[in-house]
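Each of the next two complexes has chain A plus one other chain: chain B in the first, chain C in the second.
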Partner chain A sequence: MSQSNTTIQQGLGLDRRALLKASALAAASAMLPSEGQAGDPPANVGVDGDVTWAKAPCRFCGTGCGVLIGTKADRIVAVQADRDNDVNKGLCCMKGYHVGLILYGQDRLTRPLLRQDGELKPISWDQALDLIADRIAAAPQKFAMYGSGQWTIPEGYAANKFVKGGLGHNHIDPNARLCMASAAAGFNATYGVDEPAGCYDDLDHCTVLINWGNNPAEMHPVLFSRVCDRRLRGEKITLIDLTTRRTRSSEQADHVWLFKPNTDLAIANGIAHVLVAKGCLDKPWVQKHFRLRQRVANYIKAGGTHTADYDPEAIHPKNLAGKDISREEFIAALADYSPEQVEKISGVPASGIRLMAELMADPAQRVLSWWCMGFNQHTRGTAINSLLHSIHHLSGQWGKQGASAFSLTGQPSACGTAREVGTFAHLLPGHLPVLDPHYRGLVEDHWNLPHGRISGKIGFHTVKMWDEFCTAGGGIDTLWVQVTNPGQTLPNRNKLFLAKRNHPEKFLICSDVYPNATTALADLVLPSAMYVEKNGMYGNAERRTQHWFKMVKPPGEARDDAWQTIAVSRRLFDRGMPGMKDKDGQWLFERTLADADGSLPPLWDWDHYYDRNVDERLFEEFRPLTKVKHKDLAPYGEYVKAHGLRWPVVKQADGSWKETLWRFVEGSDPNVEPGKGLQFYHSNSKDDRAFIWFHPYEHAPEEPDEAYPFWLCTGRVIEHWHSGTMTMRVPQLRRSMPAAYIELHSADASRLNVRSGDPVVVESRRGSLRLPAWIGGRGQPPEGTVFVPFFDERLLINDVTLDAHDPFSKQPDFKKCAVRLRRG
Partner chain B sequence: MRRYFDIFFAACIGLAFAGLAVGLGPEPTVRWIPPKPLPVESTELPQVPPYHLVDNRARGPNAVFFSHLDRLSGNGPALSDKVVQTLAEKQSALALRASRRAYAGAPPAIPHPVDANQVASCLLCHGEGKRIDSIIAPKMSHPPFTNCTQCHVQAATPGLGPSLPVENAFIGLTSPTGGTRAWPGAPPTMPHQVWMRQQCTSCHGLLGRPGLRTTHPERVNCLQCHAQDAAADHRDFSRELTTGR
Partner chain C sequence: MAIGGLVIGVDPAMETTAVESLRQVSGLSLGVRRGGRWSAVLETTNAAQWRQAEDTLLAIPGVVDIEVACIHYDEDVA
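Coming up: the complex of A and B.
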């Protein structure tokens, strides 16, 4: 212990020296007669030579770029794009290049803090762990964990096992629920199994790229450049931008079609309408590999007042896969979606609908569609995801190099940790549904637990979990948040987060790295190690699992999230909690963490945590479960060597491990039987077929009316990631985009009599916010629409947004609602 | 056609005479018609500021152009100009580079406002490089990509108001100050990576800053004499990149 204290002090000493040096440089550079601007961050001084470089995936979005982190004297000093990583091939975006700076914000949390008399005061780790153990032991069924797609794979696995295997309930959910749950539901509804069939290699082969409401030039810039840069090599790519406002992506597009929010289902149906008229249903490919499908019943209950007023029977999870629809019914259902009618609904010209359908029907083209939050944060998110797969099936633009429907993700391990590790309230590791007793038994056996330990009841999904937590007498009274910032990112914040203030009996635990909107209300704050201060693994949007090793020590008393979970579990075991024992009476993590000879090193003691590679042991226990749904992962050691591998990763005769580029496609996916061509081996209809869906276009739950005449659309900017907890502490990024704003069309601005910089109050039925206007800025919304980015913790647009959610994915529609504006 | 021309011609002559008569005649009485009062909400109608009030800061480093229009010159130094390198110039050039980067190797921040999103507008100056007066718009150091603002962050976005300062204690890797020479007079080796710096002339060419500019711009095959550093470029495949701790 004394040794580690010394190290910490040395670490702090270095920090102080470094800071002094940095301030001195800042002062010196201010006097330089250069063109540098006053207040430039202290850059580029102090350290040189002898840098150790090691690989890691970027900390930010779901793209999963490879970076090389340069460290010296236990500090990050530089970052480079990894040329050997096939995701980004030596290029990053501005966030990735500055990822090393996120560790060094001056307000890092370095000690456990307990709220006493309204103030957060330091306590010891021992006290903190005891407090958590007390709360859990008192009411294990009322404890929940809220994690994230930024959990590393081993962290998420440890938390999942702790709750589902240890506490015997399923109240654990990741923030991915707010991010890509609809995409997962869309894949499950269509293929019977989650995650994309295609991969980023499609970007190198497509001839047509359609942006469905996403703005990849800012949000997935590395992938967007990968396509657009091909034009510089003389290749012709038709880029179509379907968007609710003009963005940086529109600048690159051949066609920019603005559509009215929520009408994307009509556009997809319009394309299907033209494809059907062209005889696509008669193609042998369609007849052999696909079934026509529709929903079981109308989602809106009889007498429902809006689109998200659901009939509980119609939206029961068992109805996710829908029911068959005859060819005639399918054609009749699409009859309402002629290009002319779709133009009236959506604003996309009929000629545009026809052009997209023509391109898709042309076998000489390779059409790639991609989308992100616009589809997922949608009250018909599952439906529009399913429809996009469907038009690609119908047209044959699927399963060929460059022809694919690709769901982008927003978090670095939304696929790896939220989906594959199954940290959702309805899943077990390996993406196995908890509703299925067979899978529960399988996981119980794998964990050596008595049968019946894992609950067959789906736990609380995110919105429900926070509702229960913020309600007196609700089902949750202790909530542990790890690696995410729900205080900023939950919808309808007043109801789902701030209401906690009225319930002193509720206990909020928050493991984080910086103070933020969540720690502001937390009762117990735990300082976490971040990014390369710990070992880790992430899984990106193209099924690529990536690995990194710890490179620098965390500051002060900050410690790994996985350790925190394991230490609490051990404490509960030591107190004799039955759930923390397996069926032989051993500790829940005993077999996970034991050495080969069966002896168990005290890894729950922080001083010994890195005596073994805990990540490797957690991962190796998780790995066999990935084979059930054919998402086979390779042994840990393979990821140490590789710059990411895309699952299924299958062992070859020569002992090497081979990744899979295209799933369900013969010749690429080893699970496809020879001669089948395509085989959807997890088909919902058990006949190796995927689905071609019909879903009707329905109105948004809230649309502009006389009282609230504007559409509010929300989104992101290139500089900031998620809630800005990390990127707002990077001077370069923060200076470029210092604050949130509201984008207005110039005509609306002149009616309101506001100029750029003038304050505007944006008000919905739920809340209001005062922001500076930006006219003719980075994006240009059409008349009647305004746009606000969500990164700024001082200007929280989620006080204004809607919490109506998708019937299956339970993902809220953050993207759009009706507002009114006034000069503020 | 001819008829229309005649009519037009006659009308012109008529107008000219009328003008002459009015000009020579007595001053007409001018009746002042007061303008209608503006509606209340229009009192804050945006007004175009006069030129002398236009905020020069928004022009960034280019503001200097507007006060020194007389001595603007678009010509850089000639190939034959003698280049004398001094240590002071080199240090000042490296300091300027450093002020725009978080660490050596980071994409430089854009020191001027960006009000156009199209790559063509960046290439106008940075495609081949430009020098006007003391301002240098360096040629891109790498082959062109299509999304400049993907990597290059704006040093500041004017108009969005101040941001709360959050101190960051990151200390970046310093630029190397020079390569190694086998003997005095030998061509120095390259002290930095070549990746993303394939265009040597970006910094070392005719438009390079004094101190970094090559003494022999007439030679075009830099890699003929200056050896790369495989380790700096991570092309030293004999070395394991991953480290365990």
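Coming up: the complex of A and C.
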């Protein structure tokens, strides 16, 4: 038995065979039909009668599956899927069943570490916090926080208040900028407010499911299984896979259409072209509820041909909502996108474009579109998100059970913490834009801050933040990273991360649980508590907020991220920093954390942090701000009882709290006035209408040419979650997929004289990487395209990728770029 | 070695005898019963034996179907 397995076995306090049997029995029992009522304690299928079971959302992706964690003697000893959670109904994917093991890798960070003479050496927490406070006090405007869609809601809220309310600037951004910022911008552009109107229940009602560049069989397997299970039961569901390479999702599809990277806008326009020809614009539904819209300007500079040639001066956030376009102009704009023309651009057959339009136009069908990083990591990400909503509006495939346009997310709280808590550089809690003085005043009053404390200037977004940090004299000189691994996940890594090596005056702080590509360059490393070692709340992709309680102690000196933020804030307050005081001179978090009688326990002292439920106090302060944009959250205690609730959650006459399945739809959304049918009550045009957009197809910022003749597409695998910091430490998952690889087509491989397993060097204008080839494997790209996953910290494809980004969402397009190959 | 979780469907009219037979199958541990279906853990020395064991289970009178919830193939555990 390997050393690592021995350690995990001992860590769990179980014989390894007993653990496997326990988890196998848990998985089988979870599949049995439920006989109990929701809220019943789970059947104890575990090891013995000493196991304590408690609920939590899974730690990994944005699906938000419910799991039941079994603990014994301060250790996780078993995991089973939560059959009372409507997200996964008693199923998990292979990562979820192993989620308990992520705590017990051999190399957990357990002490603060400071880089001295090139080496990370242990220091005390007091020294570490003083060092951070020193850096911030010296130049608060040059300090930034880089957070995460894995921050819990209270953690993100504390960090947001610390920076925006305390330091008076907005240099805080989550890694969700790399993940779903384009989806958020698309929702805002189209509905005037962010996040999906539909929910996972649509998977149980759709008759047509279209994958738009996503691979749900690997990335969202539990959700995909809901549709596959229906087909196995004999239900007719047409599955269409629009993809840049054949994947496991393709194996299930009725139609697989490969398209050239970046041509998704042309495909959407092709469908709109057919829908318009079928008279959809004249439907009362369209005329009553929607306006036709286009962008305010052609952003490409004169002489340019690619989105890399955008004129940034022409693009302001206020342009997000675009301008009206007449019916005639709309029809004329789509004239260039006949199915035959779209086939030439995209590679999708004209018959396929027509079929999708026919299905959408058929009122007997319920069409669900879903997408993920392929749409979002895109220099036209906002535009393609908006177009997808638009074809659903045009066709009427919207606002009915099973008919929706749904954006998937990749992180467990990208929606909850990045979007709802507003940890983006342009937002305040409740998804309120910092540009709006009314909202700034509202939040200042809520936080008891003097007016003017919150800056009206948008902070540095992720790409800009790291560029400023990695540039001599740039606007950021101290950067604190929490709960994410930018050293692996930033695009164009040489420019945006590794260049920090050239600037010893810059100071990188990293709070994390394991050594990784970010800690490798950090000056100060702080050991964090993870997952059920702390209290938490996450918000998943379908607006569902979920809660868990701390179940086991963190190892060594590892501590909660929210505590770290609060402790630094308190130190700065004790030093007299004006920003850490409210307008009465009290500490920024005094009113947040004080008892009902006004007394303040010393919660900034770790020994007292769990004397109170700090999460509950942070959440209850945040909660009123969610009502402004009608994202109402219920009181903390409701989430303790429930297996998740989808906002808006509204109190009923009998005192109960009711969740909302479909927004903007009368009968489901309590904010819709009677008789309206649909009501887009945050409409950008202030008339309760959403938009039907036209956006032209434009070339990608970088496309294959003579020097770099291949498309590189990047992505994920089912075994590992994002940068692999957690899943690569689970032996079962690591053995299942031990290393990154490059997929290529057999014809390309033949020309390169490469067979599976042979080394291939992939090289772009930014960097290169040597990987083993995989030909005819799990994924099968077409000729001229290669694919590399990004989970392996030893083989970092982001040395190769591109950092060009969408003008509105600021999300970089590192899904694709031009590369050349050679046998390595 | 292979360890996996199963859900075994049993004909209600033959449940008593079927369960009695299941209890005799080497490497099979029955778990809980809900809705006429049983959770179970099956442990065999390798993947080939696993497949044979599945066939054995399906041949038992009264066993209607088998669903596999998960399998761990673990070469490190002797």
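Quick note on the criterion: the second predicted complex is superposed on the first by the 770 of 824 C-alpha atoms of A that agree within 3 Å, B and C clash if a C-alpha of one lies under 4 Å from a C-alpha of the other, contacts with A are read in each partner's own complex, and residues count from 1 in each chain.
Following the convention adopted for this analysis, a contact is a pair of C-beta atoms (placed from the backbone, for glycine too) under 8 Å apart; a residue touches a chain by one contact, two chains touch by 3 or more.
Predicted model only: the values in this text are computed from it and were never measured.
> Is A:Val51 in contact with chain B, with chain C, with both, or with neither (first, second, both, neither)?
So A:Val51 only meets chain B here.
> Classify the contacts of A:Gln106 with the two partner chains as first (chain B alone), second (chain C alone), both, or neither.
The answer is first: A:Gln106 touches chain B but not chain C.
> Thinking of the overlay built on chain A, is A:Gln732 touched by chain B (first), by chain C (second), by both, or by neither?
It touches chain B and chain C both.
> Name the contact category of A:Asn753: first (chain B only), second (chain C only), both, or neither.
First partner only, chain B.
> One more residue to check, A:Tyr97. First (chain B), second (chain C), both or neither?
both
> Hey, is it chain B or chain C that touches more of chain A?
B
> Shared contact residues on chain A for chain B and chain C?
21, 29, 32, 34-35, 43, 45, 94, 97, 731-732
> Any idea which chain C residues touch chain A in the complex?
Against chain A, chain C makes touches at 1, 3-7, 29, 31-32, 34-35, 37, 39-41, 43, 67, 69-72, 74, 76-77.
> Which of the residues in chain A end up touching chain B in this complex?
Interface residues on chain A, with respect to chain B: 15, 18-19, 21-22, 29, 32, 34-37, 40-48, 51-55, 68, 70, 72, 75-80, 83-84, 90-94, 97-98, 100-101, 103-107, 217, 221-222, 224-225, 228-229, 231-232, 248, 251-252, 549-551, 610, 640-641, 718-719, 728-739, 741, 753, 755-757, 772, 774, 778, 794.
> Given the complex with chain C, which residues does chain A contribute to the contact?
The touching residues are 1-2, 5, 16-17, 20-21, 23-35, 43, 45, 94, 97, 731-732.
> Give the list of chain B residues in touch with chain A in this complex.
Result: residues 41-42, 44-46, 61, 92, 95-107, 109, 111, 117-118, 135, 143-147, 149-157, 159-164, 166-176, 193, 195-196, 234, 241-245 of chain B touch chain A.
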